[in-house]
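One chain, subunit A, links the two complexes that follow: it is found with subunit B in the first and with subunit C in the second.
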Partner chain A sequence: MGDIVFKGINKSFGNTKVIEDLNLTIKDGEFTVLVGASGCGKTTLLRMIAGIGPATSGELLINGENITDIPPGKRDIAMVFQNYAIYPTMSVRGNIEFGLKNNKVPKKERNRLIAEISEIVGLTPYLDRKPSALSGGQRQRVALARAMVKKPSVFLMDEPLSNLDAKLRVAMRSELIELHNQLKTTFVYVTHDQVEAMSMADTIILMDHGKIQQHASPEIIYNDPNNIFTAQFIGTPPMNIIPLNEGIKLGFRPEKIKLSREITNSKFQRKCHLITREMLGSETLYKAILENETIMIKSLEAEFRMGEDVYISIEDTDLYFFAADGNRIRKGDVPDYNKLLKMVGGSWNEE
Partner chain B sequence: MKNKGVGKKKSKRNMNLLTPYVMVTPAMCFLIIFTLYPMINLIYLSFFTFKLARPDLKTWVGLLNYKFLLFVKEDFVIALKNTAVYTVAVVFFLILFAVLFAMWLEKDTKLNSFAQRAIFTPHLVAMISCGMIWSWIMDEKGLFNAVLSFFQLPGLRWLNSSATAMISIVIVSVWKSLGYYTLIVISALKSIPTEIFEAAELDNTNGFRKFFKITIPMLSPQLFFLLIVITINSFKVFDTVRTMTGGGPGNSTNVISYYIYHYVFNNNQMGIATSAGVVLMGILMIMTIFYFKAVGKKVYYQ
Partner chain C sequence: MNLIKTKKRIMRAIPAFLNSIIKLAVVLFILFPFYWMIITSFKPYAETILMPPTFWPKTFTLSAYTSIFNEMNLGIYLKNSIIITLAIIALQIPIMVPAAYAFAKYKFPGHKLMFGIVLVAFMIPGQVTFIPVYFLMARLGILNTLLPQILPFGANAFGIFLLRQNFMQIPDEIIEAARLDNASELKIMFRLMLPMSKATMITLAMFSFISHWNSYFWPLVMTQSEKVRPLTIAIEKLKDVELGISWNILMAGNVLLVFPIIIIFMFASKKIVRAFAYKGMK
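Up next is the complex of A and B:
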């Protein structure tokens, strides 16, 4: 089908501008996840691709062709809605068949497709039921089957798992990854859940207030965030951010912290006071006070107790610096990156 | 001691058994006095002949009244036919226009909210006033004919011709209650989730199929309700006929309710009137049962 390209897209609802001058390319065949807090414009983008919520201005190209004027039904796309939007008056079969009938697919072919798809999603015994007689997970599958049966070039999914219980959600997550591997078509998936985004995506597009904060693979988003927003959005608990002088901020992930009772010979080392301890099973979560700042520590070691004074140490490569505007300062960005490292080393190391 | 305890328990259980009946007694009293008793009394009275002023002087005639209604006199069968024509026309046009107007007025704009109020207003006006106004509008020298003659078209005799009198009555009835039923359909339309229509668009559904395969099935509970209510109301139509035509010209607009009224107050033949009432009730019962059996199955409930 080709890449989906947004060119200078603007969107406003009444007087509120939701998206301003957005440029974005969604690669063909990739599992792309649009992630962000509610109201960040991710669903708006998805609806633009679907053609059910056109942009106020700008161009939307698929495979180099402007599709702004093509009606939703002719775009060779399928969408799974957050609340499924299955037709409640039709049986499961009727729901799956509806789009095929509209496209004048002959009856024999329709029956073959329905049998094939309902087998894949496990709906075969329920084909003659009405949606009201199905469970949430089954309804979800009907929505998925309705999308799959059209064999579209692009799958759009708007938080399709948010109405399922936690266990089913995890199961469906891996099923969707598998489905993408089989079909090799473009998936555009919207979610507010960073875990979903990280686990499913080839490419993550992280959005905030209608602006793209970072567009990269999950590994890069996690290991090399562009700014404080990205650093804090991805990861649980979020990255610790400590203000240094001149507006510069230091960041480090809770899970990269090493705890010890004695001073080690690590370069970045600091004494802090543990105020809470949450035993999560394989990991333990500590909240600690570090120079008037609260930080979170995630450690495999559960032996430390509330009220204890401990030393934390972090590798140089796990330290992130951010400028006053929130943007990341990378190694090549400043003439002397070591100065920054020394800054935390010098002013923070008590010994 | 032991027996006493058992007795106490027993009386308590009796109390519990009685409680629901005590609770429904007031409602049942109303039902019996105002619905059940008049109904049974109506059937009972239909086997007698008597005059309105002297119900004590009634004579048992058995099924003679019914024989008169259905096989001897012709006017009742005419009234029955008229009622059927009126009902079919009103049900058809009211539901059709209610759905069309609702789809037109669904969007929230200033013009639509004004139009919605405008078509609802007739519902608030007393039928007697409407009858007066429409009698003037449909007079041979009234508004409609003035408009027709402005366009150089021949005038119609509207209420004064047996060919057009019934359709004139239908027009007034539809006009009067259209706003009310439109309102019901609008609220039903607004409760359909928009995602369903968006999904239909993505499924490449044309407007025709969208209307018949999605909109209409989603509206079916309300349309079914409309069907039953309008049918029953149409069968009982009286005030429109009484104020506008008095059943005429000839018997062309004589409907069952008006027929009953006529036999009570003009002919003073209570036996005929009560038996006509029983027939009306029977038809309505059969119709309602038929609707629930035949149409009700196709209704989708959330």
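Up next is the complex of A and C:
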């Protein structure tokens, strides 16, 4: 179908500007996840692609063609809504069939498609039931089947798993990944859940207040964040941020911290005081005071106790520096990156 | 000990018992006229004026019914009544549904003002518009036909209001999903919204049916020819017998008039309750 391209998109609701001059390309065939806190504009973008919430200004292109004036039903797009939006007066079959009927698919072909799709999503025994007689998970499948049966070039999903219980959500997550692998079509998935984003996406678009904070693969988003927002949005608990001199901030992830009772020969080493301990099974979460700042530590070692003084050490590749405006300072960004490293600790090897 | 318990139990039962007695009394009070109407219609004339009255016909006869159909030619009035009420309902649905849908789900310039006008139309008593509508019909030259009994009731302001409230409860996502499913607005209204508002629709159809089935003044003013007059006028005519009122015949006419309404109410009462007590939708 081709890439979906947003060009200089603006969107306002009344006097509030939600999105300002946004440019974005969603690659064909990829599983793209739009993630951000509620109100960040991610659903707004999705609704623009669907054609049910047009942009105030700007261009939306699919395969190089401006689709602004194409009605939603003619865009070769299917959408799964957060509350499923199933037609309550129609049976499961009626729900799945509705779009096909509107697209004038012949009866024989309709029946073949319904049989095929309901088999894939496991709805075959329920085809003649009304949605009110289905469980939440089954309704979710109806919504999914209704989208799949149209064989669209683009799947849009607006938090489709948020109404399911935790267990079912995890199961559906891997089913969606599998589905994407089978269909190889473009998936655009909206969620506020960073775990969902990290686990399913080929590409993550992290948004905040209508602006794209970072657009990259999950690995890059996690290992090489552009700014403090990204660094803290992804990862549980979020990255620790410690202020240094001149507005510069130091960041390090709780799971990259090594704990010890004795001083080791690590370069970045600090003494801190453990104030809480949460044993989670495979790992233990500690809250600690480090030079008047509270930090979180995630460790595989459960042997440390509340109230203990311990040493933390971190590899210098796991240290991140951020400028006063929150943007990341990478190795090539400043002439003397080693100066930053020296700022935070002991004897650094001069390169 | 046991005695006290029994006493307590009796004391507790008394309010419930009184409650039932009062309810029963109310029901009997309301039902009695209907009962009286029905049994009178099956009595011969002589028995209807018998003193003391009989509470069950001594001689059971259908003579009142045969005479209203044979002598009064009631069939034609019945046919008119049916045509008028059904035509009104058939006209109201395609007018009300799109109006209510537009008011509920579209923001177009002047929608507030226009909805205000609908509300005003629903608040103005019908009597105020009798004379202008009469002139309108006279000018169109359709007095003394079935049309003036149908056309002025094509748009039902109360219906538009009630249906709009109902449509507003339907989540926008369902409509958006239908649009993504390439459904036309017409299909969304009649295949999706209307079935989802079944209870309200039935209630509206019923209200419409009852009020126009019972309408007397309007057809009386609009028509002169017996060929286009409804049942209500015919029943009134049953009284104008020179030899005094034949109660059995009058009651037989009333039974015919009321019967369809009772039947419909029996089938639709649950839906009516549901239309007014909004059900949560998931």
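The working rule: the second predicted complex is superposed on the first by the 345 of 351 C-alpha atoms of A that agree within 3 Å, B and C clash if a C-alpha of one lies under 4 Å from a C-alpha of the other, contacts with A are read in each partner's own complex, and residues count from 1 in each chain.
In this text, a contact is a pair of C-beta atoms (placed from the backbone, for glycine too) under 8 Å apart; a residue touches a chain by one contact, two chains touch by 3 or more.
It should be emphasised that the depicted structure is a prediction, and the values quoted were computed from it without experimental measurement.
Bringing the complexes onto one copy of subunit A puts subunit B in a clash with subunit C. In the superposition on chain A, contact of A:C40 is made with neither subunit B nor subunit C.
In the superposition on chain A, A:I295 makes contact with neither subunit B nor subunit C. Touch criterion met: A:M79 reaches subunit B and subunit C at once. Touch criterion met: A:F98 reaches subunit B and subunit C at once. In the superposition on chain A, A:A50 makes contact with both subunit B and subunit C. Of the two partner chains placed around the shared chain by superposition, subunit B and subunit C are both touched by A:P71.
Comparing which residues of subunit A touch subunit B with which touch subunit C, the overlap comprises 50-52, 71-74, 77-79, 81, 83, 85-89, 98-99, 102-103, 146, 150.
Subunit B makes touch with subunit A in their complex at residues 193, 195-196, 198-206, 209, 213-214, 217-218, 220, 300, 302. Listing the residues of subunit A that touch subunit C in their complex gives 50-52, 71-75, 77-79, 81-83, 85-89, 98-99, 102-103, 146, 150.
Within the complex formed with subunit A, the subunit C residues making contact are 171, 173-174, 176-184, 187, 192, 195-196, 198, 281-282.
Of all the residues in subunit A, the ones that touch subunit B in their complex are 50-52, 71-74, 77-79, 81, 83, 85-90, 98-99, 102-103, 132, 146, 150.
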